[in-house]
Every structure is written in C-alpha cells, then in structure tokens.
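So the structure is just underneath, and the comments pick up after that.
Read from first to last, the chains carry the letters A, B, C and D; within each, the first residue is number 1.
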Amino acid sequence: MVIPNIAVDAVRHLGAVAPDWPGHPWWHWVVFTLINIVFILVMIIGVIYIERRAIAWFAARTGPNRTGPFGLLQAIADAIKILLKEFITPMNADKIVFWIAPAVVFAPVIMIFAVVPFMNGAMLADLNIGILFVVAISSISTVGVFMAGWSSSNKYSMIGAMRLVASVISYEIPVVLALAGVVLIAGSLSLNDIVLAQQTVPFILVQPLGFFLLFVGGCAEINRSPFDLMEADSELVAGFHTEYSGMKFAMYYLGEYGEAVVMATIISTLFLGGWQWPFLPGWLWLILKIFLVFFTMVWTRATLPRVRIDQLMAVAWKFLFPLALINLLVTALQVLAGWPEDLLWLMGIVNYVLLGVLILLWSRMYKVGWGRIEV
Amino acid sequence: MKFERYGRGIAKGMVVTMINLLRPRVVTQYPEQKLTISQRTRGNELVWDKDKCTGCGTCSKTCPQGVIRIETSVGDENKYFVESFEVDTGYCISCGLCVEACPYDALFMGYAYELGRYRRGDLVLTRDEMASEERIRSGYNRPEVAETLPRQTLLIEREGD
Amino acid sequence: MQLRTEPYVLDMGPVHPSTHGVFRMRVTLDGEAVLNLEPVFGYLHRGVEKLAEERAYSGVIPLTDRLDYVASMTNNLAYVLAVEKLAEIKVPERAEYLRVIMSELQRISAHLVSIGSFTNDSGCYFTPFLYMYREREKIVDLFDMVCGQRLLYNYMRIGGVSQDIPDEFLPALRKVVKHLPGRINEYDRLLSENEIFLARTKGVGILPKETAINIGASGPVLRSTGIEWDIRKKDPYSIYDRFDFDIPTGEAGDCYDRYYVRLQEMRQSIRIVEQALKQIPSGPVKADVPQLIRPPVGEAYGHVEGPTGEVGFHVVSDGGIAPYRCHIRAPSLMNLTGLYDMSVGWKVQDLIVIFGSFAITMGEIDR
Amino acid sequence: MTTSLSTWEVSKQISEHVPGAISETTDAAIVVNGESLLNVAAFLKNTAGLDFDYLTTITAVDYYQYFEVVYLFVSMEHNHSLVLKARCHTRDNPTLPSLVSLWRSADHQEREIYDLMGITFEGHPNMKRIVLWPEFQGHPQRKDYL
C-alpha cells in the first residue's frame, strides 16, 4: 500500500501545480492519461469480478474461482481467450460502420474520467463545466450502439439498439435534472469543487431524491437490470451485439462495464463524497465507494425482473421526470433562501420528508399504460 | 406498474436475495469434490456375472433398444455357453429393464458415471469387459448389493434448514 | 410528417434462449408489437408413437420418460394406468401410495422448474431460477435414491412400481416435506408482490374462460382462468380420492395467475405427500405381472393430471406383446393453441413472458 | 368421477336428430359415418344434457382395412365423457370433416393426424404438416410405412 500512496501523492502534487487548463505542464497530461486508462481498465476488471462473484452468490452459486487466487484473474483469462477468437463479420453487414462502432462505444468511457478527481485536485483536467462534460460525453456511446445495431443487419440487434436510443434519450432528462440539484447546492459545475463541498455532509443526506433519481436513471442509462432492455438476454438473444465476436465483442463488454464504473463513479463523487473520508487515502475511498455503488446495482440485477419498453418510458416520463422537476424546484428555493451552511442537516431532514411524501403521492397518482395494441 | 404499495414488494424481494447471499452455497466443485451417488445408480456400464448367467437371453428380449447381443452354444452338461455378449452403450438408454428381467440375478447396472470415450467403437462393451472384477456393481434392483455401497449424499442433509 | 412503416417478420427460434427447447415462432412485428404469430413445431420429433408400436409394453415406459422430461413420473403413470386399464391389473396398495408420492413430488419439482424458467423469461437474471433448482435438487435426490437416475426415472411399472423404496427414503422425504413450505413461502415473498413482476405479468396474455375450454387447455393454464378442473378431483385415478386437497384457481387467466396457480399447487402437493406419508402401508409393490404382458384386444385411455396438464395415453391392443397404437395426448400442444389469441397485440417482451407462462416442454409437443 | 355415458342411449338420441349417422354402436364407443361426423359433433356439443364442451383427444388408428379416428369428448359441466369414432375406408386419400369450427383443440391434433396418418380434414383452416417438414413424402404413422 505504500508505493501507490506515494505515487498518488506525487501525482496530486503535480496536478496541484496549475489547476487552470491551458497552463499545465505537458507531463501532467501524459501521467494522468496513463493513470486514467490504467484506472478504468483495472476498475473494469474489478467490477467484472464483483459482478460475477456477487451475482453468483446471490444465486447460490460460487462464481469464478479457478483462475488465480479467488478467481481474481478470471477477467484476464476471459480477455486472453476472447483475443484468440475469430472475428466474424456478417455478410450483409455495413462493414465500415460495423467496425467503427465498438470504438465509438468504448472511447467515451475513458474520456469521462478526465474530470473525475481521485484526490483533491488529482485529475486530468479540472474543467469548470465538469458535469456538463460528463453528461455530454456519456451520450456519445449511444451513437456507437445504434451504429452496431444498424450495421449488423440483424433484427434482434436493431430492436435492441432502438430500445437503447429510446431509453437513453428519455433518461438523460431526469438524470441531468437530478445532477442540477447537487450543482445548485455545491455552487459549481466542477467535480472537484462538488467533492470539496461535501466536506461535512455527503450530498446523499441532503439530496436523497436526487440520489434516488440518479441511481434509477443511471441504471437505465447504462442499461443495467431492471432496465437492461437493449440486450435483454431472454428476448433479444444479446441485443445489439448479437453479431459481434472476438475483440470487438470484448470492446462492448468492456464498454458496458466501463459505463457502469463511470456511473458508479459519478454517483459516489456527487452523492457519497468522492475521495472525502478520514483515515484511508482518498483514492482508496473512491474505489471502495465505486464498488459499493456497483454492488447495489448487482443486487438489483439479481433480484428484479426486467421492465417492458413502454413501462420503461413511463417510468422516465411519468415518474422520474416530475420528481426531478420538483426536486430541482425545492432545492433551488432552498438555495435561493440562503440556507445557512451549518443547518445543512436540517435541509437533509426536510428533503427526506419530501422524498417520502412524493413517493407516496406518486404511487397513488401514476400508472403505466396498457401495453396491448389492438390488431 | 403501479406502486400501490410504495415499492414494498421490491424491498421484500431484495431482502430475500440478501438472505440467500448469506446462506451457505450448495454447489460442489465437481472434479475435486464428488458427491456419493445413489446406491441404485443406473450407470450404463453393465456388470455381468459369468457364473450365474445361463445364457437365457431374457435381457436381450426385454431391452427396448435392442442393444444387447448374446450368442450362445450348447456346452457340456447340456448348459448354454455364452460365446459373445455385447452391449452397445452408445444406444443404451440406461432404463435398467434388462437387470430387472434377469431371472438369475446375473446382470447388474454399473456404479460408475464417468463414461466418456474418444471413439464410438469403445462404447461397445464386450463379454470380458462386462465380467471384469474392477467394475463396481450398482444396487439397482439388487438390494443385497445396495447394502454394501456407501450412503448417498443428500442435499437436504447438507443444507439443513 | 407521415413516416412510412411496415411490418417485418422475425423468426424466434428454433435456437433462441427463451423457447424452452427448439420451438419456433414466426412472428410478424410492427415495431415491437406482435401482429401475427405462427408456431412451428417438429424440431424435436422423434416419432415416439411409432417407436412405441415396436416395443413391448414395458419397453414403452422409458420412452414416456422422454416426453415431458421435467415430469417423467407423471408420464410413466399415465401410460401405466392406460395399460392397467386395458389388462385389468390390480395394483398393490403400497405401490399406489408410492405412485402418488412420486407424482406429487414430481409436480413440485416440475412447477419449480416452470416458475424458475418463467422468471428467467421475465428477466430476473437467473437468481430465482437457481433458487428453484436448488429446491428441485432435494426432490431429485429422492428420486435418485429410489430409482437410480435424476431425470429419466422409469420408475412406474405395469402393476406397480419397479422396486420398493430404500429404508432411508421416508426419513429423508419427511425432512424435505418439512423443509419445502418455508422455502416456497420465501420465493412467494421474492416474486409475488414484486411490483415489476406484477407489471410484467398482471393482465398480460389473458386467456378467456370459454377459449380455454375450447382450445382444450388443461392444467394450470385452464385453472388460472377460474375453472376448477383437476383430474385428480374430477376423475380420481390411483388413490387420489383418499386425500384432502384443494384446487387452486386464478381469476383473470393472465400470466400472473398461471404463475400463482403453480405456486399454490406446490403447497397442495406437499399436503398430499404429508397425508400419504401418514397412511402408507407396507406390503408388496408390484403385482404379479409377466415381463412380456399381452393385454386382451381392446383400447383404453389413461390420463393423469401432469404438471402441465392432462397427460393421456390412448393405448390400442391387438393382443400382441407390443401396443398396436399408442397415442399421447400432450397437454402443452393443446395449451399452445391459445398462444395466438393471448399474444397478438402485445410486445415482443410480453410474447416471451406469455410463452414462458405455459411452461411447455418440447419433448412432449413434438414427441 | 367422470362417468362414461351409455353409448346406447346417446346413439339413440343421435339417430333421432341426425338420421343415418350411426353405423355401429358398441359398449365402449359410437361409430358414426364420416359424412355426418360434423353434424353429430355439433349435436353433442350443443344439446342440453350432453354439453360436450371439451374435446380431450383425437387418435387415429390404422387397421389396414380402414382408418379409425377416435374422439374423446368430455363435458366439464356434467363431468361425463363419450367416445366417438369415425372410419375412413380408403387408403389413398382418406378424408373426414374437421371439427376445428366446434373445438379449436382439434386444430393441432388434426394437423398431426394429417401429417402422420395422412387423413385430410376438410374445413381445417391450416391443413399443413406439423411435425415433419413440408417436402416429406408419406405418412409414417401408417402401419404399411417402413
């Protein structure tokens, strides 16, 4: 534990030299680009392990335990196996699009980590529009998925891709509105500033509704169960990547878990205090929080059935969207009224009561539509 | 979806899965860990008792698949001598009817279960293979053999409640 | 602006994760909504009925195992009942009890499989499925102990059962019977109130009462529409008239009711097994029936209430050692007649759920 | 207990309403002419007191001289059953009227009989092979099929 600690401290020191964008020394970019790529790959291996282990434990199985100690090297073994596989291109596929699509899906995942602080100021670029950057970049992978679904010339892929586009576009709105509440309280769009603002109270205690919305919306946006409609394995075989094999498939696989890591990182940065916490080094706290959030996602995946596509849309537009608006309005009023800094806990209590009342109310008011059409 | 009960059902389900996460796992790691199989296992490696068999061919007649081939000739003391006795286990459906039909208790189901072969021809069991002493007899329809075999592992006993 | 759309045809199956074997549905879709559906059978056709004509009466029993391979015991029983009716064989008392115990355990295990795969179809990622398989394993252990195999039991014989149960069977069965209700309640909690599960299954794929009768539906599919029709009650075979149990019925005839009827039926089956355990006498387990039985010329229809519905065997004898004709009434084949009515207009996802709620086995449909 | 209706009484009733339909009555079953099968079936379904609303199973048996199709009807209301038989005496192109218009449970079963036994059911909306592929020659369930 000593060596990484020193390394990260050094890096943080380097990063803190000049937080403004254009004035950075060149080695800052190199070092952090490397750190980001390594971090995301290691985290992907980590979450894949957690996913496979936890879902196996939930299902009364053991999970991977053959490769390495406790099966920790399973993801690497899978990667080696998948590298040796033949890559098959369907005859009727739109070849160029088919080949580009995996890169389009995977690249944004790495890009997002540019603005995530591992410790105070230890980040690739402390953009003053950090959250906006996250929201904008994370939508790009949708294009990649749609490219894959379109170019595969497979009906299952096409249905999966259409579902994904529909769901991501709808869920973007409640997610962004949920983020806005945090931004209002923190008073900044920069992720580092938001983490610093959680010095005393993590925002999950202040913004419970925002957390709930971001968690549900985030699950939908990265297509995790119960909203994993785009690759609904019991209906669409494998959704948009049905026709992919070999390393291209691995790119989707990595991209999918990379998105999960990103979403878990955003949630833990915005609501769980990011690297803030005593005793342990900050980057370790961040990793632990990411794993915790991810574990919750696995837990829901292990328990819940999948929703239908119209129900998915109904949840976004009839349930999450109004709640997000109300949350934003209430938070804005609270901030506008100049809520005293040391009474933040009271704001938390008020918001929790609000969460309860709203969920009770909406349970009564909201109904998803009748799924059948007349033929 | 109507949250008439405010998502209580989902919460209940989550609790159930969490309880099951904490339960001991029932999976066994097969090649290293092996459970004791049933005393009456119908492994299709038939075991044949050369001394008891009279060559009546009842097994062959009862076999629904018709995979038991038995050739006999009249030997000394007017007894049948079994010249060849073959079972193509590739076609055997392990139904156990031959063992039940045998009037002299000369045929037994096998206790073995790892029966993969590389060649299809190897699946045909010959007279000597079936009479081999190394084969363990299963207790299917042979209670006296069943008593000698170890007790079967039961999940209900491993898991308890 | 008017966008031009056109329906397209999607071949679901024969190789598809949710077709429970090798079933194929030619589905015409408008976006995600099902406009037309044509089931295509026959990918697992092995000609069991023809094969049965060339085997001795006892040799057909292993074939019946391979029809509905998640419910071999009840298939065995249906065939054996038909032959016994034909040959007028009296079955010993203990064998009757063993038959009842085995078929009720089989019903529990088959329902566990159906519920498990149904939840899998509705999108639970294998968790309930494996829970169900864990419980099924306890029952399969018992079957293994009795008849030496875990899937294709081949236990019933003409005139009884193949062999008596070993000594440790009854204590183990008592333990299982004591253990299972708690687990069933647990899975009830896991699924029956889950809002997402309700949203996916309630009101989906409704089969009206009249249609259910008209298409010849049976088993949980029929009972979920509210019709109290259970052959164990209405035409008691074996010794079912000695047991006290209820017929769980649904109300709407939707996917949820089919699921819930199965869940409640498991409880009733446990009740029957408990009663049978108290009453089981000692004695012989097989009537004195020759291995190559020759029933008199005639025909008989034997049916039982299998886990999927009424499993029937229509056996025609010409006095020989092999059945002259052996027709199998496959409950799943009849139930699937209603698939079109139930799924047209719903989405692809609902189609999978509706199809999963039948709990079909292709071995039985294609034969 | 599902009671088997007395075939003699039912056949008397049938012959009153559909004259000339019965060709033979035994203790176990009523054999009707192929041409009047649909009328008899409709009579069985719609007559109060009989109300056979459930067609349990259809079996076709090949007796070399003729094909016999066995229908087993059950009434859920009265819990009684009846076996009805119809015969086809040709081997080349045996036909019988289809009962799909009355009981849709006949749908798949008649297709299966057509497929395996080669009996065509007239009036069936979708008389195609069900378990074998469309190009298949012959009808394997027949006794002379080798």
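The working rule: contacts are C-beta pairs under 8 Å (C-beta built on N, C-alpha and C of every residue); 3 or more make two chains touch, one makes a residue touch a chain.
A quick note: this is a predicted structure, and the numbers were derived from the prediction, not measured.
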**OP:** Sort the other chains by how far their Cα centres are from that of chain A and give me the top one.
**Re:** D
Subject >> Chain nearest the overall Cα centroid >> reply: C
Original post:
Any idea whether B-C or A-B has more C-beta pairs in contact?
Top reply: B-C
Subject >> Between chain B and chain C, centroid-to-centroid distance (C-alpha), Å >> reply: 25
Original post:
From the C-alpha centre of chain A to that of chain D, how far is it in Å?
Top reply: 62
Original post:
Could you state the distance in Å from the CA-based centre of chain B to that of chain D?
Top reply: 43
Original post:
In whole angstrom, how far does the Cα centroid of chain A sit from the Cα centroid of chain B?
Top reply: 51
Subject >> Multi-partner residues of chain B (at least 2 other chains) >> reply: 1-3, 5, 7, 10, 13, 16-17, 20, 26
**OP:** Any chance you could list the residues of chain A touching two or more other chains?
**Re:** 58-61, 302-304, 307, 311, 368
**OP:** Provide the full list of chain pairs in touch.
**Re:** A-B, A-C, B-C, C-D
**OP:** Using the touch rule from the top, collect the residues of chain C that touch chain D in their complex.
**Re:** 41-42, 45, 47, 49-50, 211, 213-217, 227, 229, 234-236, 298-299, 301, 303, 310, 312, 314, 316, 324-325, 327, 329, 333-334, 336-337, 366-367
Subject >> Complex contacts: residues of chain C adjacent to chain B >> reply: 55-56, 58-63, 127, 131, 134, 137-138, 141-142, 144-149, 152, 154, 162-163, 166, 168, 172, 175-176, 178-179, 182, 186-187, 189-199, 291-292
Original post:
Residues of chain A touching chain B in their complex?
Top reply: 54, 57-62, 65, 299-300, 302-304, 307, 311, 314-315, 359-360, 362-364, 366-368
**OP:** Over in the complex, which chain C residues touch chain A? Could you list them?
**Re:** 8, 10, 16-18, 32-36, 119-127, 129-131, 134, 190, 194, 196-197, 199-200, 203-204, 344-350, 352
**OP:** Flag every residue of chain A that touches chain C in the complex, lowest number first.
**Re:** 55, 58-61, 155-156, 159, 225-226, 228-229, 232-237, 301-311, 368, 370-375
